[in-house]
Amino acid sequence: MVCAVKLLTRTAEGGRAVAAAAKLCYSPSDAGSLFEGLGPEKVRSFLAHLRKAGHFSPFEHASFTFAVDGLSRVASHQLVRHRMASFSQQSQRYVPVGTPECVLPPSVSENPECRGLFEEHARRSLELYRTLVDRGIPKEDARFVLPHGWATRLVVTMNARELHHFFRLRLCRRAQWEIREVARQMLLAVREAEPELFDLAGPDCLTEGACREPSSCGRPYATMEELLAR
Amino acid sequence: MVCAVKLLTRTAEGGRAVAAAAKLCYSPSDAGSLFEGLGPEKVRSFLAHLRKAGHFSPFEHASFTFAVDGLSRVASHQLVRHRMASFSQQSQRYVPVGTPECVLPPSVSENPECRGLFEEHARRSLELYRTLVDRGIPKEDARFVLPHGWATRLVVTMNARELHHFFRLRLCRRAQWEIREVARQMLLAVREAEPELFDLAGPDCLTEGACREPSSCGRPYATMEELLAR
Amino acid sequence: MVCAVKLLTRTAEGGRAVAAAAKLCYSPSDAGSLFEGLGPEKVRSFLAHLRKAGHFSPFEHASFTFAVDGLSRVASHQLVRHRMASFSQQSQRYVPVGTPECVLPPSVSENPECRGLFEEHARRSLELYRTLVDRGIPKEDARFVLPHGWATRLVVTMNARELHHFFRLRLCRRAQWEIREVARQMLLAVREAEPELFDLAGPDCLTEGACREPSSCGRPYATMEELLAR
Amino acid sequence: MVCAVKLLTRTAEGGRAVAAAAKLCYSPSDAGSLFEGLGPEKVRSFLAHLRKAGHFSPFEHASFTFAVDGLSRVASHQLVRHRMASFSQQSQRYVPVGTPECVLPPSVSENPECRGLFEEHARRSLELYRTLVDRGIPKEDARFVLPHGWATRLVVTMNARELHHFFRLRLCRRAQWEIREVARQMLLAVREAEPELFDLAGPDCLTEGACREPSSCGRPYATMEELLAR
């Protein structure tokens, strides 16, 4: 299985709200009038200007809520480290485990022998989980035997400023492959919904033209298309 | 002048997103299906249940963006202390000051002598500001002579969890009158937009039936109507 | 194995700093003079007053840094959800796994048959991890087969306000047993270091005299001693 | 008057705690042993390495608490916008205003005519404040006539990561002069206390060798000495 991201909802006219908020800082008008007066083309050019200047503070006014399914607890543990975000996660204390749903890393999937061992292990882990529950062990303790790769579900909300930060870190080629895949799907979804807020996003190699990591991968992204291809 | 609050935008179907996120924690389904399956009545009853249980964490998924105009810098200084929120504020470094816009406290307004002194002082402060700017003092330094009551404008975004916290603190009778008025207008606006997220909100006297402040005012609110009346 | 908490370091004279900061709000003096003028007895009584009034904001000025060892990734996943805190965690991407270190839940430990199955599973999981690494699978992917109970290490920093919040939630009898044990050891450590900041802490049943949970356990804590006993 | 910063207290051995936390991420040892094993020279070189790599996350484990006196409410309003920080501020609702304490901007101070007008205005504002209080206006409303430049006092706590961010923004030549002066005094104080955590800090022109602001001042800082000179 592979994770799947769906944009559940978002701030209506988020890009326009961001542009109005940014304009307010330098204008004698009120924000309501600024918001009314902004057409799509002005929003687009003004947001591009803010992004180039690195002024991401007003991007906080636009917020996006995603359903993330089929993410391993390896990746969800990383994901919830982002503090400027909101998470609701399926509970392993309360929700009984059903079919063997373990995220299969590509490196394992491509190696038939390893894949066999991995899948057999996932099945046995689930069997043991069930045996323990049958023997009276609480679900919250039986889950200790489930593999790290076991899949979870979350609802995640981030604003556009945190999303830019998230894409910068997590779309780097050196990020873990699974959180990169979540980030890629999230970026695809928000670009479809509010293209002008995310016309350019990703690691420094793409957005700044240079990597600042001391142990760089040496393979900079040249275009958004390259970044967004699976 | 008196402050004016306008709801600029918000998370579309925020209440439904909150309910779906909360349901996810205890359900084997995915969040997308839960979101689709929730009708208005189910959303309403489920949100009431969450609020009663004090489980406000999923309320973070619904976000609201306000234009606040005519707020004194006394009150804006308090407002921006709320850290789980986003602010864009009109800059006094860049925006030149125009007409004498000073927030008049009701206690001053009701006293003709004091009101006269107050308004005369506001006029003179603006005159001195202009004199200083004419003498070459930068706007960012000339503003040091403007009174604390000088009006400012902000765009403010808070999620529904932080809003409940904000209403709890700032609608208390002991809160400063001006930030109470902002909170009152914000609560009116979000109740119109998403009534089920804010069916009950405010200080502990109203929502919990008891005040925990050591120096309580002794005048508990009995109903939302009483709280929301000016 | 069972988790072990050690207080690594903390704000020097944190209680005195909290008391001075709180006094500043209501005093014409400067904070340096207030800090100098506060003897241990005044600090103690003033902090007790703040706690009773629920004024925890100045408690943020005192910060505590812990080493936490032997925590399962089940519990560390919950721990890092506390956003007003700082975490550094041993990386499973970079640190190779050594001996089978899996946290054994008491419910499993007390059942010889289950314990045998559990420990055998932990051994086999480690064997498979090693086999995968030998076959060329990257460590970051091989770890997908390790059980959720696998032990991790963290450095955790929280301020005294967040600690009070943490103890309130995580020392509740309904919290997961492992995070309760971490919280218990953390509270023991900070009470030894700064008793006046934590003279009373824990769930509402103990600190407020009443539980607000809709599905309460019905067994309130009566004393700090009872709360702190293993 | 001019603002004065004093370091009240801090995390004991904060630099060593940061180094131990960072080492933990890549080491099989426990944090207690790593902390014990780190001598001053190892701490110094390891922290320099982290800073160069831009890995500031472990810097959160070291926290610093300052007394800030004589800051205008113009500058305190900016200061409290930093959300990863803790503030306790002298209350104008409760503390009566005494002598005319208004921060005098250098641009005004250097112009005798303007200075005279400014100081006369500060005196008259205080007189009016007292008249209003005598007429029965509450202190919290009378303060609306005090100038923006009126001085306040705060206790401020920031961790070393946020301090680096604060110095990056607020020591820029384009930052407001007063918050620059606070930042300069804060940096002097933390460099004396924990030099290895702050061997290099400040705006990008100094730490990265290049400014990213679209409207750059064109006068990069070359050395820490230049940055720290008044």
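Order of writing sets the chain letters: A, B, C and D. Residues in each chain are counted from 1.
Note that in this section a contact is a pair of C-beta atoms (placed from the backbone, for glycine too) under 8 Å apart; a residue touches a chain by one contact, two chains touch by 3 or more.
Source: prediction; values computed, not measured.
Novice: Work out which of A-D, C-D or A-B repeats the contact pattern of B-C, with more than half of the residue-numbered contact pairs in common.
Specialist: A-D
Novice: Tell me which chain's centre, taken as the mean of its C-alpha atoms, is farthest from chain B.
Specialist: Checked the centroid distances; the maximum from chain B is C.
Novice: Report the inter-centroid distance (CA atoms only) between chain A and chain D in whole Å.
Specialist: Comparing mean C-alpha positions, chain D is 34 Å from chain A.
Novice: Please work out the Cα centroid separation of chain B and chain D, and write it as a whole number of Å.
Specialist: Their C-alpha centroids are separated by 27 Å.
Novice: Tell me, which parts of chain D touch chain A in their complex?
Specialist: 52-54, 212-214
Novice: Using the touch rule from the top, collect the residues of chain A that touch chain C in their complex.
Specialist: Touching chain C from chain A are residues 72-74, 76-77, 80-81, 83, 87, 92-93, 102-105, 107-108, 111, 113-114, 117-118, 121, 124-125, 128, 131-132, 135-138, 140-141, 143-150, 176.
Novice: Along chain A, where are the residues that touch chain B in the complex?
Specialist: 6, 8-14, 16-17, 20-22, 24-28, 30-32, 35, 57-58, 60-61, 63, 65, 67, 69, 86, 88-91, 94-96, 98, 153-155, 157, 159
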